[in-house]
Amino acid sequence: MSSPYQRLAALLVVGALGLGPSAAAADTVTIGLAQSITGGSPALYGIEQKNAAELAVDEANAAKLLGDRKIQLVHLDDGADRGQTVNVFQRLIGRDKVVAIIGPTLSTGAFAADPIAQKAGVPVVAASNTASGVTDIGDYIFRVSPPEDRVTPGVLKTVVDRFKVKRVAQIYGIDDQLTKSAYNTQKKALEALGVEIVATETFQRGDVEFAAQLTKIKAAQPDLIVLGSLAEESAGILRQARQLGIPKEVVFVGTQSSISSKFFELAGPAAEGLIAGTAWYIDSPEPKNQEFVKKYEARFGRKPDIYSAYGYDAASLVINAIKEAGSGDRKAVRDNLAKTKNFPGVLGPIGFDAGREPVIDPKILVASGGRFVIFK
Amino acid sequence: MSEWLASYENVVALVLLNGILGIAAYLMLIVNRFSLATGGLMAIGAYVSVLATMNFGVPFALTLVLGGVTAAVMALLLGAPVLRIEGDYFALATLAFTEIVRIIALNWESVTGGALGIVGIPTETQIWQLALALAALTAAVFAVHRSAAGRVLAAIRGDEMAAAAIGIDVARARLLTFVASGAICGVAGAFAGHLNFFIGPSDFGMIRSIDAIVYAVFGGLGGVLGPVVGALVYTVLPEMLRFSAQAREILLSLVIILAVLFMPRGLISLNLPLRRWLPRRRGQRGKLAAGQGVAAE
Amino acid sequence: MSVFLQQTVNGLSLGSAYAVFAVGFTLLFGVLNVLNLAQGAVFMVGAFTGLELVRLVELPLPLAFLVAMVTAGAVSVLTQVAVFGPLERRGGHRWMGLIASLAVARLLVAIAQEVFGTQVLRYPSEPWMEASWTIAGVQIQGLQLIVLATALLVMAALAVLLRATQTGRAIRTMAFNPNVARLVGVPVQRMTLLTYFIAGALAGAAGVQLGVLYNAVSPFMGETILLKGLTVLILGGLGHVPGAALAGLLLGLTEVYSVGYLSSSFRDAVGFGLVFIILLVRPHGLFGLTTRQRA
Amino acid sequence: MTALLEISHVAKRFNGVVALDGVSARVGRATITAVIGPNGSGKTSLLNVVTGFYEADRGSVRFNGTEIAGRPPHWIARLGLARTFQHIRLFEGFSVFDNVHVAAERRGTSHARRRAEQALEVVGLAAVGRQQADALPYGHKRRLEIARALATEPEILILDEPAAGMNATEKIELGELLFTIRDLGKTILLVEHDMDLVMGISDYVIALNFGCTLAAGAPAAVRQDPQVIEAYLGRPEAADA
């Protein structure tokens, strides 16, 4: 039996192997993927983005998109902890010498880690950060996920006009950047529309019980209930709202996060009627999208959701920019990303505006018969 | 070397920062209190210092002091009523404090930015500052261990009732320790706030408090180097295990379980050459009887 | 008035699941003086076991519920045999036990994530689950009643076990004093394992209850309930079994009323504030014995 | 006789169980006073009330004329009342010397080392100061507790069953030690089961039963008291306990 000291030493040696320099071959281009696959519910959308990015890279390699040069994808998990997001960024930039980074999963991580990439001159393309201000960090920061303020005001205006809404209730996740950011945008848009907000309720990440909030909302008799919530929370809220007998005439509007087959699985028949604005839905007729959905399902055994779509397009856009740049030069890749217009993505034709926000065509969808269809 | 540092700069910073937090937790543990207030006190230090920087342009050095003092005052106000609560009840009362701070930070949007946090904080925190702070703190705690005050703390740890019986004001000593621990958490919070451009309420929850205790206990409560070694290993371990993205969590938890099983008195209980740097009284027997006997009678 | 009654119904069904979880939690504490932070993960194991039995093996839910309880109990026993027991024999400090329990929780969550993925899953819906009635403007779901009934049943069974059987007396003797238990011939090791089993089974029961009621089973579902469990533990008095049952209901109602009549964003602050104030007034919890000695 | 310690009508109950039911007693300066009584008669509870570890429900404890009932233990200790415990409570991990040194430092850090050494000399442990206290034989641990109490320079030394677990020789030595301490001008109040020891060394004996004072006076007188005989001495198995 070895001494505890030796045991510790052995442990440290084994671990230290992972900290050595990385041997990247000359004929490869490395892209970093900073996604949370552990650390609680953020892993839900981190894994989707990781899967989709891997799919995009494998396809590009198979199609020899960069000629003889291979694209290597290095994924590092930050455990949804923003301290680790910074660790991951520094390591991708310093050790793995990545050309660009796709990620991170959470906006909190983006605010902490993106400035490092900006300083190092490494382009970052986010696929799930929707908080406002992320791309203001610098001219190397892009995203394909449209911030809520690009989508929500239009959706709410349409809904309020169509259903002659007078009274609105809001419910949102107070401790999550994504949902909180969505709430802020929704509130501003509702105020601009001049409707009365009769109830504002919150919940926290991990909550599964919304009955107390919904009972209060029901008593306030709104015509419209606006959700600032992720897919699984939206499903819970809708089910419990119906169980509490909130009438069918009351309209529900959700965020882009609800665009997921998971939502229908979890909500069941209660999903019916939810309205959300987004660039993507699984039945989107774009040919590129139909192909993507098929391939994704074949490889991962489940249907993609909106984060898979964002992840796929983020990776495709980065690969395209490397191809256009003709090299793995970070500056050239950034410039080509910034120039991208009307790239055929699964989200439809996509490009970046001067603020490096996505230029896409948001659609208004409604849940109907177990799927999202265009709201008419 | 500089390239290595560029890749692992933040890891190094976190090791040092966590070392400081580990010592804050350690100080409470050696007076037999399992404090989960670390996260809450750290949050107070972080928000106060960051707001001072962002809104009033206060120099960084001064914001460190400000963060430390505010957290210390908070610890004083909190500690006076709470410290008389014993054992696991105390742990849960301080957990309640940390959670309440987090909920206030989430709701007090005009000041804290709510869940969206505060963005664009100037990154003033440097590795050398953290290293200096950790070194100074380690030296200070080491000196305290060697002083009459240190013997008082050791006596409380050794047996609370006997300590009271020789005239030691256990409650007062504990309150002072809590205030000192709070000041350290506050300064650590101020450093953390100026490390990564951004702070938000989720940075300072229960997990932060538990992690700090893990550094101390995992490292070993035999001396001030225990929490520092604990923070080092516990912070670097996840980075070392990156060679397996899929199984990282499983490996990490297995390593911790094995470490706990085979080194039940902490890493520092190993026969390291460091040992002579530890205070004299680290015993051959690691079991802290008093820690178990806190629920009196 | 109907809003108040509705909130009460909401609070009781939520609180009864809290109670089932907390009773196991507090039993472990009371009998073995162990604060086992892996209980939340065992709760999650119970929820997943029940789910897989219903989905893959197509067991009827009541049967799946029982098997999930047994499985969660077995996992709990396994953690004792593999980790907590050896640690205690090696003279690990009580605080080391806490760290070990956190690591065990992390391990169980990581394994669940590998096996089931991070997706939130739900129990297959059956018509009887959707039944609900409106009584005086209050919506009552069949599921809520079933959760409440099973909670009462499970806790009544525990009460009978502890109060009316030889085994229960042995467990209570251990809670009173392990040394006395040894002297009067209680098989301490066997009773320790049994206590872990009961605590795990109760956590598993709560996992299935909440999983079915709220349609949300995920590897991370244990984290929230753990915090609730800790709160209930305090409100009820550490180690006080009937106290935990009452305090579980109390916390459910407190949460619901604070959403209903204060503000939902301060719901958890109200729960923790309550803990805080109770500890200041009664340092050993609401139902705990008063301190006898000062140091 | 002017009493150094005056206990009047002290009562204490725990969750309904009466431990002390109006006990009164006086302890004279530079005497050895023993409290006797069967198990559960309230002896240790009385010591705990006097030293502040229990708060009395009612009654008064005056030391040198100062009311100390309800004061915290450390305050009472600083006033000059030092105690030992029924179950030995040494500072875990401390050396023999450190146990005493930290106590001596309560009276100021200057010359604390010398005062600690003196206290060890009184109890005869000066030679083993560097040893780990945990490693001492049982009887020496008891002596070390006494040395630690002495190092706080008390006026009164309060001992809770100091002879418990000692063999006959050790008990004789303990008796001699207590005489030595009294001759240094200290007052001693002890709870003790060993009747031979109590009768041999005490100047004054207080007998308790069911939380009440049964008898008080010179050892010989208490020993003859019919109530004491019935409650206590009449049951030899209790006397041996």
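Brief remarks on what is shown
To keep things simple, chains are lettered A, B, C and D as they appear, and every chain counts its residues starting from 1.
By definition in this document, contacts are C-beta pairs under 8 Å (C-beta built on N, C-alpha and C of every residue); 3 or more make two chains touch, one makes a residue touch a chain.
In UniProt terms the chains read A = Ethanolamine utilization protein EutJ; B, C = Branched-chain amino acid ABC transporter permease; D = ABC transporter ATP-binding protein.
Please read all numbers here as calculations on a predicted model, not as lab measurements.
Think of each touching pair as a link: the shortest run of links from chain B to chain D has 1 of them. Relative to chain C, the most remote chain by averaged C-alpha coordinates is D. Of the two chain pairs considered here, A-B and A-C, the higher C-beta contact count falls to A-B.
If each chain is reduced to the centroid of its CA atoms, chain C and chain D end up 47 Å from each other. Separation between the centroids of chain A and chain D, computed from CA atoms only, is 72 Å. A straight line joining the Cα centres of chain A and chain C is 34 Å long.
Looking at chain A, residues 37-38, 174 sit in touch with two or more other chains.
Counting partner chains per residue, chain B has residues 106-107, 161, 163-164, 170, 249, 288 touching two or more of them. Among all residues of chain D, those that touch two or more other chains are 52-53, 72-73. Touching chain A in their complex are the following residues of chain C: 3, 6-7, 10-11, 14, 110, 113, 117-120, 122, 125, 132, 134, 139, 141, 210, 214-216, 218, 220-221, 223-224, 255-256, 259-260, 264-265, 267-268.
Interface residues of chain C facing chain B in the complex, by the touch rule stated above, are 29, 35, 83, 86-87, 90-96, 98-100, 102-104, 106-107, 109-111, 113-114, 227, 230-231, 233-234, 238, 265-266, 268-269, 272-273, 275-276, 279-280, 283-285, 291-295. Taken together, the chain B residues at the contact with chain D in this complex read 148, 151-152, 154-155, 157-159, 161-171, 281-285, 288-290.
Across the complex, chain B is touched by residues 3-5, 7-8, 11-12, 14-19, 37-38, 75-77, 79, 82-84, 86-87, 90-91, 93-95, 108, 111-113, 115, 131, 133, 174-177, 179-181, 184 of chain A. Listing the residues of chain B that touch chain A in their complex gives 3-4, 6-11, 14, 106-107, 114-117, 119, 123, 196-198, 200-203, 236-243, 245, 248-249, 255, 262-263, 267, 269-272.
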